[in-house]
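The block underneath contains the structure these notes are about, expressed in structure tokens.
All chains are identified by letter, namely A, B, C and D, in their written order; residue positions are counted from 1 within each chain.
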Amino acid sequence: MAGNSFGTIFKLTTFGESHGTAIGGIIDGCPAGIMLDLEKVQEELDKRRPGQSAIVTQRKETDTVEFLSGIFEGRSTGTPIGFIIKNSNQKSGDYSHIQDSYRPSHADYTYDEKYGVRDYRGGGRSSARETACRVVGGAIAKQVIPEIGFSTFTSSVGDIYIDDEKDLDLSLIESNPVRCPDPVSAEKMEALIREIRSQGDTIGGTVQCVIKNVPKGLGEPVFNKLHAELGKAMLSINAVKGFEFGSGFKGTQMKGSEHNDLFNPDGSTVTNLSGGIQGGISNGMDIYFKVAFKPVATIMQKQQTINSKGEEVEMQGKGRHDPCVVPRAVPIVEAMAALVLADFFLQNKTSKI
Amino acid sequence: MAGNSFGTIFKLTTFGESHGTAIGGIIDGCPAGIMLDLEKVQEELDKRRPGQSAIVTQRKETDTVEFLSGIFEGRSTGTPIGFIIKNSNQKSGDYSHIQDSYRPSHADYTYDEKYGVRDYRGGGRSSARETACRVVGGAIAKQVIPEIGFSTFTSSVGDIYIDDEKDLDLSLIESNPVRCPDPVSAEKMEALIREIRSQGDTIGGTVQCVIKNVPKGLGEPVFNKLHAELGKAMLSINAVKGFEFGSGFKGTQMKGSEHNDLFNPDGSTVTNLSGGIQGGISNGMDIYFKVAFKPVATIMQKQQTINSKGEEVEMQGKGRHDPCVVPRAVPIVEAMAALVLADFFLQNKTSKI
Amino acid sequence: MAGNSFGTIFKLTTFGESHGTAIGGIIDGCPAGIMLDLEKVQEELDKRRPGQSAIVTQRKETDTVEFLSGIFEGRSTGTPIGFIIKNSNQKSGDYSHIQDSYRPSHADYTYDEKYGVRDYRGGGRSSARETACRVVGGAIAKQVIPEIGFSTFTSSVGDIYIDDEKDLDLSLIESNPVRCPDPVSAEKMEALIREIRSQGDTIGGTVQCVIKNVPKGLGEPVFNKLHAELGKAMLSINAVKGFEFGSGFKGTQMKGSEHNDLFNPDGSTVTNLSGGIQGGISNGMDIYFKVAFKPVATIMQKQQTINSKGEEVEMQGKGRHDPCVVPRAVPIVEAMAALVLADFFLQNKTSKI
Amino acid sequence: MAGNSFGTIFKLTTFGESHGTAIGGIIDGCPAGIMLDLEKVQEELDKRRPGQSAIVTQRKETDTVEFLSGIFEGRSTGTPIGFIIKNSNQKSGDYSHIQDSYRPSHADYTYDEKYGVRDYRGGGRSSARETACRVVGGAIAKQVIPEIGFSTFTSSVGDIYIDDEKDLDLSLIESNPVRCPDPVSAEKMEALIREIRSQGDTIGGTVQCVIKNVPKGLGEPVFNKLHAELGKAMLSINAVKGFEFGSGFKGTQMKGSEHNDLFNPDGSTVTNLSGGIQGGISNGMDIYFKVAFKPVATIMQKQQTINSKGEEVEMQGKGRHDPCVVPRAVPIVEAMAALVLADFFLQNKTSKI
């Protein structure tokens, strides 16, 4: 039962392989009557685009989205919004070395086991290229809930972390190619990424998202809790290994008397270790969470691997890949968060009479 | 759009409040022809039951499941399996103190904001009592995939962790009330829980799950990746703040050259930092993940809070509550994992011709 | 992928076999804050109950619904409403004759082919007994949309039809056991049913439903058109062979110039051959449709049939069955219509900003 | 909650308006490993195409489908199949007369009421143009279940019916532009359509579908019965007013002793008034059903109507429209039937162990 749709009321379905004619998707359930700013959608896509800075992959892809339906005279009409992004980079020749071999810690082997057939060009469907469609969906989702504010940034690269206690100026996120709002950390992170790349290696990191001005009441217990859907959304992004919100893993070491968020008379809380969600429902405080990204599996070093006959072969990454996926993952994390929030915003319209 | 169903093909829908007549559920999509061992279901429930040991809540609940349909002459018939668990403990009197006040870091406030009405008795629907139905569903799910082995245990309480490098004898999990397979750690954890309880306080912890003998090919990219559904499943459990699988958050500090799992000729991998999942699809290696539980919010200390009029009031936990939820959370984590695996096992039957 | 749920936002999931301990269901997605009149629910059930009049089956079943959750101090709380109806009539002995034989035009054979196992007692899950749960769901659904009025009645039995042109006094529906608002036709229908029963035979008929005061805008094209879901709902009822709305099959003989419903200045239409639905969306005019019921398959005559070994055997209906299902089908048709309308009413809350 | 997806495991989602850039869709859940004959898909589309014969609309649309993903080296890969059909006929000028007026018995009024905004060009999303995407989906669906045979044909136009008792040579369906396998009736139907067109009027009709070689066990009671989904599928097609299968509405006049299908020793039945489905599950006999189409609403005669201000205006159909939709509806009915069967075929893989 294929899993290429996300959401229930605001629902994104995507298609497309790395080296097919085009990738694209359908957004079904966008409410009618919204003046859509399509340039903003392209701007979000540009944040995910290869070649945007010196520390990301230098592949040439313009990633221009074309909308095919669902918008009339600038407004959403309530009918499905179809869109495509043409693939400019469709040469198959470069991928002959992986046609019959399994790249370590990639999805080549598991796709072959599951489906018995695999579009090996550039990873096919398992390529992170599909996340461009998520960014389109998320950019439309944001316009359904314009009052909600999203700030997403790189919170660590390798062992370089922003200090959790530090007050951050979130307006600085786009001031550096790492997308880190702390300039001192950003500089260190960028230096680390450059060093790692010079080794032909890759490095992991974490992305943090802060969501402000969230209406109270979003989330659908007991299974579709707000943070459970956020977690699923994040874990569905390529290379993600973990998710935590509010106090997260650190909270496991705390006592209840330290961890409980006491109320102010207006219903806000003095602390916010809950991360803006109680019982799976937003309480109006900031939602914040962290997403763990492993190092990119494609490295520019020789690795031992096997081919589809089980024979050992040697392999080395070709082409232009990211030494660290985190800076380009920032807009993807934000897009998925927006998809979740817009969907719950619409779902909540039916929760009471 | 209420969220009381989990799963797609193997689907559990639950109902019930802490202090209603009964809780219960419907399992739809259990394949026909399975000889169901209903005593095993009750055994799983008994692991979640209050009063099972000295370090958990001493509330009296027998939690006896009654099956009402879908089973004939011992076998599943392919029709929905309805079940109820009667609530033995329905006195409302004890909860008058929370009728009009919001317990800190509970769901009282958010339920009121979302629904405008709330069954305040014992937390109503937001009580962890509903997880008993998950345990029933999970115990049936396990019998759909009997070849898959689940081992779930307490991996930390507060700041006491099992050493990650240590070889664990998973047969020891049930040998102590903490459900920790490392006897030395178990003893320390139990002592910590007793101390915390004596303070009228609570403490968090983590649960780890190891899944062995998983068929290759489970998981439905790109959104319904195996680990994404596992993450959602875990995050939907009360008090969970985080989820990581394979290398998890630690993996973010690694280089690609260290993190990649090289293949053996048989398709298995030398290391397993991937945690048994690549590209969202199981690769046949062990799946393992960790779940972070915050400290229980109900403490036996006085706390400042507000009532529904926004007035400040003082509150103190009453009744018999868990000082640490982790030992009783172990069977819930395992049940949710089984629900996810059984569902993907069935889904995968349609992935190729 | 089992199909025991109906609806998307207002969703009913049912369980239970004819001769199990109980049947029941879960209503998920009922908005919070509705004062529910549970006596009305029981009244609807009583209309479906065996033994209610001389022309229906004389089986003894009280069909008392017990609500287990989701209602607090008389109000829906937004959490799932669980309910059960205990089976009073669980003796298995009477059904030994069908344990190993397939009743003609029943589901015995197909259940065995599909599931490989079958609860043969009273038809098990395929018994129309499950429709009692639909009536409960529908009776709650009506209370979500109290402004919408449903009138459902017997429009034909065998070859006795109400004249389509006749003005009907819908307040007379419950004035006779056939549930036909035309007293002259009702008398003939009742006489025909008595005659058919005296032959040990059964007869078919049609049920008509008229829905008044429907808000404009209900229905979700292009696949989930209002009449498409109504049709699915009706066709899912036992013994149904056809569905038509508005001009129906007769409309196929008309010209466009005759069939088009011209507008009045207020947006209503002069005629209503559209049956209150245009493009799959309600237009505010009355919705009306007809449902075709075949004759009940269980007859009190000897029939040739086969057993599970393919051997020919003779069979004769036992027990107390309906000579005509239509009078008892009336509340089921109405319940399914209410489920569809309540669901679309809630869905429509998200169609525009 | 928008309704532009059909199916559960084999799922088609469509987008597109009559006069947008393109229409298209995504087929998710097509099993991997099927050699797809894409020319056959285009052939099915050509049967729906305008201008194919003298008795259908003479609009110029080539309706060429382009596949964008999910197929590699001729085979389905298990990933979503995206496709588009460009609109060649995008001039908006022709539709200025309906920009502000509501065509009688069209969806203009209800779309405005539901969404508050409407792409008025050519009916926008409510145009039957969207059914081209259904034909693409159905043509792929057929290749998932190649052993199942579909024969679909015109069974009546206006008051000209094929005699139900007549033995039909289904190989003759495509031998005439009406798609009627009875040559004598076909000639009369064609003459009637020509006459109706000369009056500037339109006429309704019925389409019949016969499905042979259906595996036993398809259908998912109690709500997703095989015929219930078929009914929904058919009723979701533009202009459909009714659906009946097996004995249909005529069956309501029969006695049980006449209607019951007695078994042959091999499990087949002597008669087939059940229409190949018992208890919502296929029994291996031919499935057959009829679909009622109303006359096309656009007529070439002057009609009184209203504009969006409620003022009375006069309107006359422009452009090139079908005098009878039935011949072009035949491939759409067949496509929807194939979508239903393929989906249940896949669903049934999980019904037993």
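Everything that follows uses one rule, which is that a residue touches a chain if its C-beta (ideal position, glycine included) is under 8 Å from a C-beta of that chain, and two chains touch if they have at least 3 such contacts.
Everything quoted here is computed from the prediction, not taken from an experiment.
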Problem - Touching chain A and also chain D, the following chains - result: B, C
Problem - Touching both chain A and chain C (chains) - result: B, D
Problem - Interface residue identity across copies chain B, chain D - same or different by half - result: same
Exercise for the section: Any chance you could check whether B-C or A-B wins on number of contacting C-beta pairs? Expected result: A-B
Handout entry: Distance between chain centroids, defined by C-alpha means - chain A, chain B (Å)
Key = 26
Exercise for the section: Could you put a whole-Å number on the gap between the CA centroids of chain B and chain D? Expected result: 46
Handout entry: Cα-centroid distance, chain B relative to chain C, in whole angstrom
Key = 39
Handout entry: Residue numbers of chain B (touch at least two other chains)
Key = 1-2, 4-5, 8-9, 14, 29, 32-33, 78, 114-117, 125, 347, 350-352
Completion exercise
Contacts from chain C onto chain B in the complex sit at residues 1-2, 4-5, 8-9, 11, 13-17, 20-26, 28-30, 32-33, 66, 68-70, 72, 75-82, 84, 114-119, 124-125
Practice task
Under the touch definition given earlier, write down the residues of chain D that touch chain B in their complex.
Solution key: 1, 9, 29, 31-34, 78, 144, 346-347, 349-353
Exercise for the section: Please give the residue numbers of chain B that touch chain A in the complex, ascending. Expected result: 1-6, 8-9, 14, 102, 104-107, 109-111, 113-117, 125-126, 130, 156, 158-159, 196, 199, 201-206, 216-217, 219-225, 227-236, 238, 241-249, 251-267, 269, 273-275, 277-284, 292-299, 301, 303-306, 310-312, 347-348, 350-352
